[in-house]
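Chain lettering (A, B, C and D) follows the sequence in which the chains are written, and residue indices restart at 1 in each chain.
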Amino acid sequence: MLSVRHFHHICRRGVSSVWRGISARAGQRLDIGGIYPPIATPFTKEGDIDYQSLDENLQKYDGIPFRGLVVQGSNGEYPYLTAEERVEVVRRVRLALPKAKLVMAGSGCESTRATIQMSEHMASAGADCVLVVTPCFYHGKMGSRALIHHYTQVADSSPVPVILYNVPANTFVDLPVDAVIQLSQHPNIVGIKDSGGDITRIGLIVHKTKSQDFQVLAGSAGFLMAAYLVGATGGVCALANVLGQQVCELAHLCTSGEWDKAKDLQYRLIEPNTAVTRKFGVPGLKQAMEWFGYHGGKCRCPLQTLSQGDLEELRADFSSNGWL
Amino acid sequence: MLSVRHFHHICRRGVSSVWRGISARAGQRLDIGGIYPPIATPFTKEGDIDYQSLDENLQKYDGIPFRGLVVQGSNGEYPYLTAEERVEVVRRVRLALPKAKLVMAGSGCESTRATIQMSEHMASAGADCVLVVTPCFYHGKMGSRALIHHYTQVADSSPVPVILYNVPANTFVDLPVDAVIQLSQHPNIVGIKDSGGDITRIGLIVHKTKSQDFQVLAGSAGFLMAAYLVGATGGVCALANVLGQQVCELAHLCTSGEWDKAKDLQYRLIEPNTAVTRKFGVPGLKQAMEWFGYHGGKCRCPLQTLSQGDLEELRADFSSNGWL
Amino acid sequence: MLSVRHFHHICRRGVSSVWRGISARAGQRLDIGGIYPPIATPFTKEGDIDYQSLDENLQKYDGIPFRGLVVQGSNGEYPYLTAEERVEVVRRVRLALPKAKLVMAGSGCESTRATIQMSEHMASAGADCVLVVTPCFYHGKMGSRALIHHYTQVADSSPVPVILYNVPANTFVDLPVDAVIQLSQHPNIVGIKDSGGDITRIGLIVHKTKSQDFQVLAGSAGFLMAAYLVGATGGVCALANVLGQQVCELAHLCTSGEWDKAKDLQYRLIEPNTAVTRKFGVPGLKQAMEWFGYHGGKCRCPLQTLSQGDLEELRADFSSNGWL
Amino acid sequence: MLSVRHFHHICRRGVSSVWRGISARAGQRLDIGGIYPPIATPFTKEGDIDYQSLDENLQKYDGIPFRGLVVQGSNGEYPYLTAEERVEVVRRVRLALPKAKLVMAGSGCESTRATIQMSEHMASAGADCVLVVTPCFYHGKMGSRALIHHYTQVADSSPVPVILYNVPANTFVDLPVDAVIQLSQHPNIVGIKDSGGDITRIGLIVHKTKSQDFQVLAGSAGFLMAAYLVGATGGVCALANVLGQQVCELAHLCTSGEWDKAKDLQYRLIEPNTAVTRKFGVPGLKQAMEWFGYHGGKCRCPLQTLSQGDLEELRADFSSNGWL
C-alpha cells in the first residue's frame, strides 16, 4: 500500500519508521484505551480563539486520569475553525499536556487530499494520532467503496496512527461495518470512535475485528458501560469535559468488573450526557462547563446561546441526578 | 382512573379483582422476567393458518426454558391476520402451553377502542398479559399526549396486565421516555418491550422507573446482554424462535453475572439475529426456522420469499458463527 | 366480520371481462378526472359513526362540481374503523350520492388477501372503483417486487377498477416509479393518487405511462395547479372538504388554461391546505369543517383535539388568506 | 490561506450604501432571472484544478443564452476545494465571461465569520452576487433563529447581493419558510435557490414574499416548468451543464406561456436530470458532460467514478429520451 506519493512523504519527513504508530515490534499498535474529553474551544468576546482560557481548562484537566484529549472533535467546533486554527490549537494543547497523555487530533476534511494534508499538519503539530471523521457532504455517494478508498489513502500517508470516526447524527453517514472490518486490517488504522450509540453494532465490530488488535472507543458517555461490556476499551465523551472524574471512575469500575457500582453511576450520567450532546449540543456543553469551573463561553455563530427555558432544563438534567 | 365504561367492563366479566395482573398483595405485579420467542405464524399452501404446524412448533419449544411466548408480535405477521385469527391463535397457544408459561398476546390496533376490545378478547382467550404496540398510522400526531391517553384508556379497561411495545423500525413512532415514565405509574402497566436497540434509552427507562417495579424487556437478541447489564429483566427475541436454547443460555449467563462467557455467546448471536430481523425480516426468520427443525414456511403476501442471493447470505450469517 | 370467502375467486380467470372498469370498447377505461374530497367520518359523542351528520355533509357537497368522493382515504380515519364500518360507510355514501358521481372507496389493507376481500366488499357496496394504499407495516420489505405482486393480485380479482395510492408521509413507503409503470399496463389499474408532492415524480409518471391511458390524481391541493400542468387530470384534496367550490374552481382554471388566475387562487390555498394536512392532520381538517358549515367533530382516539394554540394557528392560516 | 481580516468590517455600518446590489434608485434589486449552470470543476490527472479545460468549457457555454454561471455550487465540488481554489476559480470565470453574464459565486461556509470573509473574497474576485448555502454540520441546532442570524450577518457585510441556498438533500437542513420570509426583507438578500423540489413550498415562498421583489430560482431542471408556473424566475440546473440550450429553451417556453410545448420538453429532461443529480451525482454529471463535448473528467476523492452498470444506466437515461 505504499504508493510513490507516500514514499515521498516519508522521505520528506525524514523519519525512519513509516508510521510512528507502529513500534519496533512489528504489528504492535498504539494503545488508545481510556477516557478522552473531546475538548471545547473557548473564544474571546470578539470570536477569536481564547488560548488563555484553553490553557486554564487544560490545567484543570491535569488532575483527572484521562488517557488523553481529543482536539477538534465535533465538540471543538472544528467546522468553524480555519485550517490554521485547527492546527494551532493542537500545537498548544500538545505543549501544555504531559507527554504521557495522548493528543488525538481531528484531521478529517471533506476531500481525501485535504484530509491527507491536515493529518500531516496535525502530526507536525505534535498529535499522537489522528481522528478522521467520515466525509459527508455528498453522503449519498459515501458508500463502502468510497470510504474504504478514502481511509486507505489517508492511512497510507499519515505519519501517525489513524482512528476512524463515525458520528451519523452529524454526518448522516454510517460507516458500514464491512468497511470497518476491511479497514481494521490496515497497519496504520488502530481503532474507531463510534458515536452512533448502536450497541449491537459496537459488539459486532469488536467481534469481527478481534484478530486485528483493533480498538473501539465509545463516542458518548450514555452507553459507555455497555460499550465496555461488549469489548470497547475506552470512550471519547463530551460529558468528560464537565464530569471528567466521574466518567473516568465509570470506566474504572467497568474495567475492574464492578458492574453493580458501574450501573449506579452510569444511570446518573445518562441525562447530563444527553443534555450536553443530542439535546443542547455544544452550546449546552459550554454552559455546563461554566457551572463546573471551566471556561466554556459562547460558540461561534451560527451556533446560538441557549434560551432561558433550555438553560433551566439543562440545569435540571444535572441537578436531578445529584451533580448540581 | 376507573371510568364508568371500565366498571361496566368489569361487571360484565364478573371478575372479582379488577386486574388479574394484581395479586392479593396490593401493588405486586406480574413478573414477566425471562426470554420469550415472538412466535411466527405458519400458513398452509392456501394461505390459511396451519394450526397443526403451529402445535408442532410449540411442542419443540416445550423443552426450552422460556418464560413464555409472545403471540402476535411483529414476527407473527399480526397485521396480516384478521381479528378472529389473532384471537384464535392465542387461544390455541394457551391450550397447548403449560400453565407455568406466560402467553403475552399482541393486542395493539390503530384505534384506542379497537385495542381495548382486542385486549379483552385476548384475555378471554387466555392471555396472561397483553403487548400493546404504539399506534402509528398518523405518526406525526402520536406524541406523548396522544400515547399517554391511549395507553391509559387501554390499561384502565384491560382485564390483564399491559406491556408497552415500542418498535420504531416498523412504526416510525418512538414512545417518548417521559410518556413511559408517566405510564409506568399505572398499576396495570407492568413493563415495556423496547425493540429500538438504543441502550442509553433502555438504561434511562430503568433508572427513571426504578421506584415503580416496572420491567423492561429487550426487543431483540442483538443487544440482550447489554440490556441485562443496564437493568432489563428479559427479552422478546425473534432469534429465540430459531436458537431458543442459546438465547436462554445467554440470559442465564447475564443474570448469574458470568459476563465473559456471556460476551462470547452474545457475539455469535449478533449476525444471526440481524439476519432474521432487520436484514431479512419475517421471511428470513421463517426460512431459518426450517433449517433448525421448525415449521416456518411462507409468509402471507405481500411479504415475498427470499431471493437465492438473500438465502445464501442468511445461511452464511448462521454458519460463519458456528450455528449451521 | 366479513369472513365468507367469495367463490368467484376460483372462477375469476375464466370470465372474459370481469372488470366493470373496462367498457364494451376494449381498452377504454373509467374516466376518473376531476376533484374529490376524501371525506371525513363524523362520530357521535360515544365514538360511533354518526351517519346523520355524514348525510348532512353529503347534502352540502351536492352543489359542488366534484367528480366524486373518496371514502376511506387517510382523512376518513379508515385505520380506526372496523372492516364492517368501512364497508357500511361506502354503502351509505353510494345511496346518498347521485349516480353521476363516483364513489372511490379505500380498500387497502396490510395483507393482499384482506385487500382482495375488502375490494370485493367495496364493489358490492356500490363503489365505482377502489383506492388501494401501499401496505406498509413491513416497509423495509415493500420494494417493487412485493408491491407489483400485491397490486397485480388485487387488480386481477377486483370487480371494479383499481387506483394506486401512494402516501409516503403516512406509510414511509414510496411506490417506486418502475413499479407504477409496470402496473399501469394492467387493464384493471386505471390510475394513481399520489400524495407525495414530488412534482418531478408526477411528471415522470405521466410521461412514462402516456401510452397506457393511465390517470394521475394529485393527492393534495397544495400542488394541484402544478400537477395539472405536468399532466395530472384531477385531485383528491383534503381541503376540498372545506373549500370544495374553490378547489373545483382551481381545477377548472387549470383545465381551461387560465394559469394566471389559477396561480392567484393556488397561492391562497397553500396555507389552508397545509394546515388541514401535514400541520394539524385530521383533527385540523375536522375543526375547519365546523367553521365552514360541515359536521367535523372529534376524531377517534388516539387522535387528539387541537390545543388552543394550534386552533388559533389553524384559524390564522385560513383568515390570512381571506377565507375566514 | 486568506487569513488577513478586513478592516472595513469595523466601518461597514458607517457607509450609506455598501451594497452593489442596490442601484441608485433605492430598493431596486439585481435581476437574477434566467438559467444558470452550476458549473463543474475539471481536474488534472494529478487532481489539481484544470483551468485550461475550464476555459474550454466556458467557451462552449458562450453560445447559450444563460443568465450567468453559478461557480461553487454543490456540483462544483466546492467542499473539496481550498478557500484559495474557490476564489481563484471565480476569478478565472469572471475574466472569461462576458460582462453581461452574471457570476453567482458560492460563498457558504459552516461558520458565519468564514462566510462573511469568503463573500468578501468572492466579491473582490469579481462575483456579481453570492450564493450562500445553509450551514449544516450541527443541523439539529440550525433552526430559524440561528439561520436568520447567520444570513443577516452575512448580508449586512457582503459587498454584493446575497442569494439564499437551500439544498436539504445534501445538508439535511430545510431553511424554514418563516425564516425565508423574514430574510426576504433584507435589502441585500435578493432571492433564493431552492433545490428541495417541493413545489408547494416554492409557491408559498413566492406568495409570501411578493411585496419584497424577492426572486426564486428552481434548484433543478426536474421541476423547472412547475417552478416557473408558480412564480419562479429562473433556475440553477446541473443539467444545464450538459443540455444547456434545451434548459434555456424550456425556460423560454415557460416565460412565453407556451405550456404545451414546455411540457413535452420538460418530460424529456426529467430522467437525464435525475441521472446527473440524485441518482449519480457529480460523477454522473461529469461523465455526461464528456458525452456532450465538455470536459468533465474525474471528481476529487472520495467521490468515485461510476461503475460500468451505473454508466450504462446513465446513458440509457439520456438515450431513451432522445438525447444520445
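Please note the rule applied: a residue touches a chain if its C-beta (ideal position, glycine included) is under 8 Å from a C-beta of that chain, and two chains touch if they have at least 3 such contacts.
On a predicted model such as this, the values are computed, not experimentally measured, just so you know.
Where touching is counted per the definition, chain C and chain D have no chain in common.
Placing every chain at the mean of its C-alpha atoms, the farthest one from chain A is found to be C.
Within the list A-B, B-C or A-D, C-D finds its counterpart interface, over half of the contact pairs alike by residue number, in A-B.
Between the Cα centres of chain A and chain C there is a gap of 51 Å.
Chain A and chain D, compared by their mean Cα positions, are separated by 34 Å. In chain D, no position touches at least two other chains. Taken chain by chain, the contacts form a single closed ring in which each chain touches exactly two others. Contact annotation for chain pairs lists A-B, A-D, B-C, C-D, with touch applied as defined. Looking at the complex, you find that chain D touches chain A at residues 1, 3, 47, 74, 79-82, 110-114, 135, 137-142, 145-147, 149-150, 153, 169-170, 172, 278, 281-283, 300-304.
The touching residues of chain C, when paired with chain D in their complex, are 197-200, 203-204, 206-207, 220, 222-223, 225-226, 229-231, 257, 259, 263, 266-268, 270-271, 273-274.
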